[in-house]
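Written below as structure tokens is the structure these notes are about.
Just so it is clear, A, B, C and D label the chains in written order, and each chain counts residues from 1 on its own.
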Amino acid sequence: MADGARMVEVRPETYSYVFNPYREPIARVEPGDRVVIHTDDAFESRITKKEDIPSRALATAKLLNPQTGPIYVEGAEPGDTLAISIESIEPSRDFAVSVLVPYFGGLTSTNFTRTLQEPLPERVWVWNLVDGGNRLVNEDLGVELDWEPFMGTLAVAPDLEAITALAPGPFGGNMDVPDVRPGNTVYLPVWNEGALFYTGDCHARQGQGELCGVALEITSKVTVVFDVIKGKEIEWPRIESDERIMVVGSARPMEDAARIAYAELVLWLEEEHGFDRWDAYQLLTQAGGLYVGNMVDTTYSLVASIDKTYLRS
Amino acid sequence: MADGARMVEVRPETYSYVFNPYREPIARVEPGDRVVIHTDDAFESRITKKEDIPSRALATAKLLNPQTGPIYVEGAEPGDTLAISIESIEPSRDFAVSVLVPYFGGLTSTNFTRTLQEPLPERVWVWNLVDGGNRLVNEDLGVELDWEPFMGTLAVAPDLEAITALAPGPFGGNMDVPDVRPGNTVYLPVWNEGALFYTGDCHARQGQGELCGVALEITSKVTVVFDVIKGKEIEWPRIESDERIMVVGSARPMEDAARIAYAELVLWLEEEHGFDRWDAYQLLTQAGGLYVGNMVDTTYSLVASIDKTYLRS
Amino acid sequence: MADGARMVEVRPETYSYVFNPYREPIARVEPGDRVVIHTDDAFESRITKKEDIPSRALATAKLLNPQTGPIYVEGAEPGDTLAISIESIEPSRDFAVSVLVPYFGGLTSTNFTRTLQEPLPERVWVWNLVDGGNRLVNEDLGVELDWEPFMGTLAVAPDLEAITALAPGPFGGNMDVPDVRPGNTVYLPVWNEGALFYTGDCHARQGQGELCGVALEITSKVTVVFDVIKGKEIEWPRIESDERIMVVGSARPMEDAARIAYAELVLWLEEEHGFDRWDAYQLLTQAGGLYVGNMVDTTYSLVASIDKTYLRS
Amino acid sequence: MADGARMVEVRPETYSYVFNPYREPIARVEPGDRVVIHTDDAFESRITKKEDIPSRALATAKLLNPQTGPIYVEGAEPGDTLAISIESIEPSRDFAVSVLVPYFGGLTSTNFTRTLQEPLPERVWVWNLVDGGNRLVNEDLGVELDWEPFMGTLAVAPDLEAITALAPGPFGGNMDVPDVRPGNTVYLPVWNEGALFYTGDCHARQGQGELCGVALEITSKVTVVFDVIKGKEIEWPRIESDERIMVVGSARPMEDAARIAYAELVLWLEEEHGFDRWDAYQLLTQAGGLYVGNMVDTTYSLVASIDKTYLRS
């Protein structure tokens, strides 16, 4: 992108809680514009201190994970691919929060995996940004962690459906994948005129799996640049970094997410990198990467990858 | 381990195809001995060239994944933990093989995930060791990969059960986890006098997930040193490297393997590293690692980890 | 319902392919009205003879499973429960069809459970209504089956989301559960003013699991009577027959659907039938029913039940 | 079987807690003998009254689910099928018990589906045999249930492996399927000389799913007659009643058990009943049965079935 790119700032008046093809765009941008997007955290800033009780703080919230959007990208049409280059994620407050919410997370029963057991205790952890914003510290844990921000949620509107902003899927969504970070480019299928882009739920950082269900949630200012790849159809989100190409599969059970991610990566190697299908299968067997993005959302997200050094052309 | 340690060489006359508490030990060693173990590959060297047809080559083989063992470790008793420090893995031939076997692997239907579809085509890839054994090359793929060997299978005999060598589980087994590699230490629960250790199925390398079901299979000479931690009980395999501590969970569906691995790691942080249970849960949420070791065996193996830098003593 | 009930006929001009809270009602009815609803089959009547090739016949169809609706039920408000008494299902043609669609069904890989295998062959079976509409016969199979019609799909609009008509869920939807049949009453949660009821996808009959993914699909005329239970909140669809009470849970993996169905039934016995929670758990252990409605849709639907003879009041 | 059949009584001195090909037979019988087998309950009669605390009563028990066996059936060889005709199950005490064991059952987290939650409360229910043994009554529930006994566990020894008696599988085992009842015939694959039959864990009755993990456990006297079908190989357990033929699939996740059960039934219809494979798939789609036997054991057991009326001899 040229440095002389136009800058467009998107500051939402209200949020969307679904990835919705029917909602009016809140901004229109051109490919190549530098788009600065303001996002709230997953709890719409209702939880900010250790003494907050999540179930009480969220009792009046009808819905979670507020999204900024949709942003209409000029020229994007069904059958295209939307490329989102992530330039930066800046915090708009000096702390992050994580919490335990009843019946939500990776090591508790949930609305999906039902048991008759009591919930885990509620808890709030506040992590303060220190060291010029380079690190986060929580005093209870006595641990410092690096600032490694990414967008927990980014999506295009699905085709015909309006889907909760808590869901990951072919449209991207609430994938909670740390590789959706500055320096990387995310590719999403386009089903609607203007692509109708949504984002929110930025994280100061997160481990693989997002174990308790809630990363280091922040309010933030995200800068992205869109590109539209005309006539190129993809089925599932792809990510490209300097070192690797990746596919994100989201499904339950988790092995189905793994199958989707790796099957799409096999086909990608076959279609664009000159490998025979079975040679691609072999290469990924010996050199592929497969980590868990989230094990807590409505479907699980797994990331399959291969280093670019192994690719032809 | 002292450099003056006694060296014991274990060269099997026959292999075991189960992790079996009833089989006579083929060697007895002391903690601290340097134990050199000869292993065959998962196909007992029946497939060695591109023209081999796996289903035919394996038709006369009653069982797969031959194991060297059991090795009796003096002093190990039920309720202890066996520590296996892996010193080195050396190839005993100059190539590795990988194959497509009908109805086996991550992107095909299998004996467990049954469909009425035809199998994938059969294939053999031979990868030659080059560059003084530092790299492997396959001419069809035109790709070179680093030599990064590990033990696909290592186990202690279960309590009462004799379990196929194709299975991973609490006893270790066919985990196919690349972190079972030289420089690292693996910890397994002990259920029998002498622990009754088995190993085999060494791999020249493997991607995460072992996608097609067959890594770069090698015959090899493995050097390990055992230690017995008296009176310490663990539930699932643990691994320690210079940088990280890890737990391997094996189960189906894959989310159950993830739950086991992370739950055990939470408890480990609580019991040995001074974290409150919920703080441990929080730390792993923000800084834990979770990758797929295998998505192809009788149960799936996932590895949860945390960097040692975050641990209190 | 009084026999003198008003009769309202609902004949759609266009169909909906999502359970959509934003779509304008196509009819408004009162509780107690006898509502006659015309439905098309899951393929919108594009496949009618043995020679049809499903993938070709459906190539121009953007979406599947056309729904008649929404029907606005006067008086229904968020927080209520909608009761749907099914009076009759009459065929509006003299045959039913079932087909094999590529990568869809219970014994093939699918969009969710991905493999690299070829699809199963395509096939169409036409089953003719004979014996005065009491039985169906297919000449290839040489088998006659009883006419046991039910509604494969019935739903209320979700809260905020618009969800594909191929999906089952808390809103009902494409459950493919044979107990949604004449003589039984289905209960659904209400999230929107007027409940916004949809139905379609009637089946002449179906086995448990809907194995190949396509039941005996018919066009039909369904007669139902609505009732609104004010202020009663339920979480998942319930069904009542003369003999049993039932809950339908829909989720992946299938054990999560089983957990939902039985957990909701435990709570139902506790709340309305005077059982201690653990006694309810015990009763269902010894006398509950649990069958698979569908093993082919976007989530699996399982039906947990208990005979009314065991219930107190 | 001729009424003049020889009667053989099998009364074990010790039990087996694994299905073990290495254990010495405790009895040898001929096909056609009427074999009367004494079995203990799953808790080896350690829990007999409401006041017992399961975790304490079982604390000294190393293993659960004691099996009577192996019984050597003359003439059975690897590659044959063993047919077990169940003549009767008689209680050998006048009550049955069911309990809640910590972290075991369908609506709790378990050793496989791990969470950090507290366990459910412990409970014991004693059900007394009344009405001449035709019904069972529990006073807390105030419910009477019919006596509908079956064998929770019956197995042949696996090939090479010795597997916990808590597991169901291709060898039969702890399937907890109510159709393993008097009047029906069960078919199991034979991997060892003499088949090496085990049984135990009889239930006075059980709902589908065995929800809390523990049916109405009884001590009993089982009468069976064996037959050996020479040269017939089957892959998974089959059951035949007067009305239906059935296959039991056991796996995790549950959908894999469903796939196994129905895939094997498709092949059975193709091989022995003259159906084209795709016609068999179609028939089971429209008329098959699929219920959950257990949702609580090491793998889940599902039963696929078809009425004999649809079969061509």
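Going forward, a residue touches a chain if its C-beta (ideal position, glycine included) is under 8 Å from a C-beta of that chain, and two chains touch if they have at least 3 such contacts.
This one's a predicted model, so the numbers in the text were calculated from it and none came from an experiment.
The chain pair with the larger count of C-beta pairs in contact, out of A-B and B-C, is A-B.
With each centre defined as the average position of its C-alpha atoms, the distance from subunit B to subunit C rounds to 47 Å.
Centre to centre, using the average C-alpha position, subunit A and subunit B are separated by 33 Å.
Along subunit D, residues 107, 113-116, 120, 252-253, 259, 263, 266, 281 each make contact with two or more other chains. Viewed as a contact network, the protein chains are fully connected, with every chain touching every other. Residue ranges on subunit D touching subunit C, taken from their complex, read 98, 100, 106-107, 120-121, 123, 125, 127, 138, 140-143, 145, 205-216, 252-255, 258-259, 262-263, 266, 275-276, 278-279, 281-292, 295, 300, 302, 304, 310, 312.
Listing the residues of subunit B that touch subunit D in their complex gives 17-18, 20, 22, 63, 112-116, 160-164, 251-253, 256, 259-260, 263, 266, 277, 281. By the touch criterion stated above, subunit C contacts subunit B in their complex at residues 107-109, 113-120, 253.
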